[in-house]
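Scroll down for the structure; my scribbles are underneath it.
The first chain written gets the first letter, and so on, giving A, B, C and D; residue counts start at 1 in each chain.
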Amino acid sequence: MEIKWYIGLAVALFCTGVVGVLTRRNSIIIFMCIELMLNAVNLLLVAFSKMHAASPVAQALPNVASDAQLFVFFIMVVAAAEVSVGLAIIVMMYRNIHSVDINFLNRLKN
Amino acid sequence: MSNVLQLVWLIPALPLIGFLLNGLGRKMLSKTMAGIVGSGTVLLAFLVSLYVFFQVKGGNSHVAHYFNFINIEGLKIGFDFQVDPLSSIFLLIITGVGFLIHVYSTSYMHEEDPKDFAKYFAHLNLFVFSMLLLVMGANYVIMFIGWEGVGLCSYLLIGYWFKNTNYNNAAKKAFIMNRIGDLGFLLAVFWLISKTGSADYHEVFANLSKLTTRDITGITLLLFVGATGKSAQIPLYTWLPDAMAGPTPVSALIHAATMVTAGIYMIARSNVLYTMAPATQTVVAVVGLATAILAATIALKQNDIKKVLAYSTVSQLGYMFLGLGVGAFTGAVFHVMTHAFFKALLFLGGGSVIHAMGGEQDIRNMGGLKKHMRITHITFLLACFAIAGMPPFSGFFSKDEILAAAYEKNPVLWGIGVAGAMMTAFYMFRLYAMTFLGNFRGTHEQEHHLHESPAAMTLPLIVLAILSVIGGFIGVPEVFMHGGHRLEEFLAPVFAQSNALIKEHHALSHSQEYMLMGISVAAALAALAFAWNKFSKYRKSDKEEAGLGKVLENKWYVDELYDSIIVKPVLAIGKYFNNVVEKRGIDGFVNGVGRAVNYGSRQIRLLQSGQVGAYVLMMVLGILVFFIVQLFL
Amino acid sequence: MSITEIIFWGLSVLALFCAIMVVASKSPVHSILYLIGVFFAISGHYILMNAQFLAIVNIIVYAGAIMVLFLFVVMLMNLNADAEPKKNRYLQFAGLISGGCLFLVLVAAVTRSADAGRVMQLGTGESGLIKNLGRILFNEYVIPFEISSVLFLSAMIGAVVIGKKN
Amino acid sequence: MLLALDWLLILEKLVLIVIVVMASLLIAMYTTFAERKVAAVLQDRRGPNRAGPFGILQPVADGLKLFFKEEIIPNFSSKFLFIMGPSLAMLTAIMTGAVVPWGDKVHLFGRDIALQIADVNVGILYVFAVVSMGVYGIMIGGWASNNKYSLMGGLRAASQIISYELPMGISLIALLMVTGTLSLKEMVIQQQGGMWNIVYQPLGFLIFLICAFAECNRTPFDLPEAENELIGGYHTEYSSMKLGFYLFSEYINMFVSSVIMSTMFFGGYDVLPFVDESQWGLSDNIMALIGIAALMIKVFCFIFLFMWVRWTIPRFRYDQLMRLGWRVLIPLALANMLVTGAIVLLKQNNWHF
């Protein structure tokens, strides 16, 4: 199974996430699209780890394959932390401007 | 003997000390004190130069070196003085005539307040100092320092009454024209240095082989440009008549005796170069003669005493350049000396007339002053005879020597020269007759006020009159008395090198000389008599001058010509640059940059729309571009 | 087409479909559920690649905890379809176009790269199992592990501080 | 090898799945009946005994009743989500049974059939994952019924379950330190020989038990669907079989969590502690049957415990509930974990520091 299919899939998911972030105005959906993008990255990381596991050079380095997977583990850690803080912010935002529409957050205007 | 020459530095130092005393102490010194300091220093300088004259009489010259003015690798210019027969003659003229004029101006400037009085004398002393520097310099650079100093002092002195804007403009005009001339002089010096590696007279004249003929003609032409600027020849002479705005003693000293002769001294000093460049010599002769005739024609119709004398100076200088042009260096120097005497006398005489008439300068409102001003009248008359070239007077000997040399060169030059001499005699005696003969045409109050000038003014007049009369006998031509021309013997060593170069030297036969002298004297006498009786009966008439007379009165419209050709275009260009290039170009550019940044930032500000979505979109586009550049380009 | 490829394509289609629906669905709750669908598909991929530990952790962390939070927030704010703010036409369109371009550029880059065709070890492999992952996690990566605990602490405190109604 | 294309194995697994699902449904049905019987006994009254001899068919009657009720779906809510709620709850409840080792091996038709649907080496994590998915059923149900009370009930239930997942997880960690493996099969094998885990982890078990109660929304923690406060919580709007699914999933949860507790702490199909069953020399099949019987007995004890607790302890108030979860259970679980960790380390380098 060649790696390019997985890369294709991961890129497709990533771009869907990007499109989501760009087109939607509801901050929660945007936040979810970001999670989606993160997952695409995780998928690709695991795919690469398996690719390295398959390739001969990997045998030399003891745990090159599983490094990537640990990396994914840590990404999940960060994602969890990020979501908790992010959702807190969204709640606080909702409390202030009674809507989750990001366009109302334009107090940084020029 | 050499130890005396060690004192040479004293000559310029004394007027400098005078300048410093008067200049710095002008508030403390009383008027008499300032006068004494001013005249005293020049008198001492005269005595020392007299002493030096007798040392140098034997023909030996001496170069005294004091310090290195410029001493860089490849160029060494020392601050050193050279004393030889030529420079000692000029020393005598400058300090002698200078002293007389100083004494004269102590009384002429009497009613000025003390501060200005001391300032006036300080400037006069500075002028004498720089003139001495010019004359005694042993190389072109020191001469150039003097050259510039003299220009500066003429500016200061012309613009003495600086409150009057016309006098200021005259001073500026004089200074600017001199500067134009100086530029030519400077270029010549640079050319010389670049070719021969040094500016000392000895060194330059020693290794002339380094210079090609093209170099020499170029250098001499440029030097001549400097001379025309300083000695008011054809292209750059219009400043001299306007320089009459200064006090009369100033005109006497600067614009008659000393400064204007600087050009002649410079050419006389570099006579070797000129003899090796025949083309330049013809140019010099032609320009000199043309100036002489032009100035003489203008002087015919001038009604202001000082204007007439100014144009006569220009004319006489034309004759001197004619002399130099035809190779009669000693003749030119001789004419310089005699001209210094009688022209200074004429100016000082005119000054005392103006003094008496209470500032009136227009001769049409004068007349019949003979009865009131005895001494001025007699001295003025003697000077007129001298300048007209009547035999016993000095003018005759020097002018005829030049005319004789001109005849040797080319009879046509002689013919025009004689015509010039006729006109000189005519306008001088027109001036004399209108001021001193006939009946008084001024106002009663002026008539009542008429009186002879005080002793301080009349004494210099008398001394100068004596010099004008006997001045000619030091250069009696061969034809009258064998060995009579002592001045030629005296200056022989200076011009020895160039005389050797002149191959053909066909002297005139005695009969030819007599004939020449006869014709010129007769012509002058006729013009003199005609002017005498025509203008002694002069009646003031207010009809307008017509035809050629009007043209002459307006000085051939030369000033207007210069204005239209040079001044207006330059001003126009200046204005153009100011408005178009400066305002629209540079300012426009600078403001344009400012406005562009302003406009640009306003547009970019719109980018900060506050829409988070827009920011993210831009970010993604950025990443996109980055990928494309990175991966595909 | 071996069984693994069938499963791969199945899961990929599922993942992409759910991802697109996440973006395209009207009501937030629907997009949350679709996102959960995506997470399951991706966990399926992990299992396909024999990264069992990650598969389960992915479900527990993402589907189990994070999406619950999302659901919580959505329900608290009682968002429903019609209140959903609509973005103006052009920005939406621009977003779509740029996302598409990004996809094309990346795919083009991948196809050009040399080792796109390297083969992967699917179905088997020790690296994914929890035993050696645990060993490595607590040998080489102890420090990041501890730091992540600090990260969690700070995140919790942050969330509390922000969330508190002062 | 997880996906070997071994048709026989797939068939075997399918059969096993069907048996497990049917068994859990059946047992859950009769748990409802047992619950009403036990409640009656505790309240000095007879339980249902009209339907069939001694009321045996009562659950069937309840089921039929629920089936024939009218399907009411509130129009504002999204129809799809309204139905998905209860189905999700049921799905997650049943899924947990997949990793439970019912027995050892059985020789049928010449093949050794392991009485465990999937011996995943991340067994417990799988259980934990499925449990956390359970939350969705309740939340979506609550939200889809589109009324404030059910929404609040759903949120409360979800927060309760989430906050009790924490202590459960931490107590599990302590247990894992002792057993050293995540796979349930190996745990049981460890307990067969020696002592049951309850001996090693008494506090861990207690915490796990309490959390199990919370997970199934059983008695002290059945605040969400408490009548007097939230009018039936998240299944207010539900009627007929959807309500049935919710109630049924609760009982299946109860059954499954008791099975898991018994496998983890009480040795699963290991008949007696300290006794090495292999010496009995019985054949595998019989041993398997005995094992399954032992497991079922333990499970029934637990179920009885659930019911017993339900009718004796009053319901917690919401803040008491939360305080118990965060202030008591989590610290206890952490302490337990630390102590167990210390002991395990000590044991590793034979009892000296």
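The rule we apply is simple: contacts are C-beta pairs under 8 Å (C-beta built on N, C-alpha and C of every residue); 3 or more make two chains touch, one makes a residue touch a chain.
Values in this document were obtained by computation on a predicted structure and should not be read as measured data.
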| item | value |
| --- | --- |
| Most widely separated chain from subunit D, with each centre as the mean of CA atoms | B |
| Most centrally placed chain, judged by C-alpha centres | A |
| CA centroid of subunit A to CA centroid of subunit B, Å | 95 |
| Chain centre separation in whole Å, for subunit D relative to subunit B (CA means) | 127 |
| Separation of mean Cα positions, subunit C and subunit B [Å, integer] | 101 |
| Distance from the mean Cα position of subunit D to that of subunit A, given in whole angstrom | 34 |
| Multi-partner residues of subunit C (at least 2 other chains) | 4, 50, 53, 57, 65, 72, 76, 87, 91, 94-95, 98-99, 102, 106 |
| Residue list for subunit D, restricted to those that touch at least two other chains | none |
| Multi-partner residues of subunit B (at least 2 other chains) | 611, 613, 617, 620 |
| Chain pairs that touch, as defined at the top of this document | A-B, A-C, B-C, C-D |
| Contacting residues of subunit C [partner subunit D, same complex] | 3-4, 7, 27, 29-30, 33, 36, 47, 50, 52-53, 56-57, 59-60, 63-65, 67-68, 71-72, 75-76, 78, 123-124, 129-131 |
| In the complex, subunit A residues that touch subunit B | 18, 21-22, 25, 102-103, 105-110 |
| Touching residues (chain side subunit C, partner subunit A) in the complex | 4-5, 8, 12, 15-16, 19-20, 22-23, 28, 31-32, 35, 38-39, 42, 45-46, 49-51, 53-54, 57-58, 61-62, 65-66, 69-70, 72-74, 76-77, 79, 83-87, 91-92, 94-96, 98-100, 102-103, 106-107, 110-111, 115-122, 125, 127-128, 132-133, 136-137, 140-141, 144, 148, 151-152, 154-156, 158-160, 162-163, 165 |
| Of all residues in subunit D, those that touch subunit C in their complex | 1-3, 5, 78, 81, 84, 120-122, 125-126, 128-129, 132-133, 135-136, 139-140, 142-143, 151, 154-155, 158-159, 162, 182 |
| Residue ranges of subunit C touching subunit B (in the complex, touch as defined) | 87, 91, 94-95, 98-99, 101-102, 105-106, 108-109, 112 |
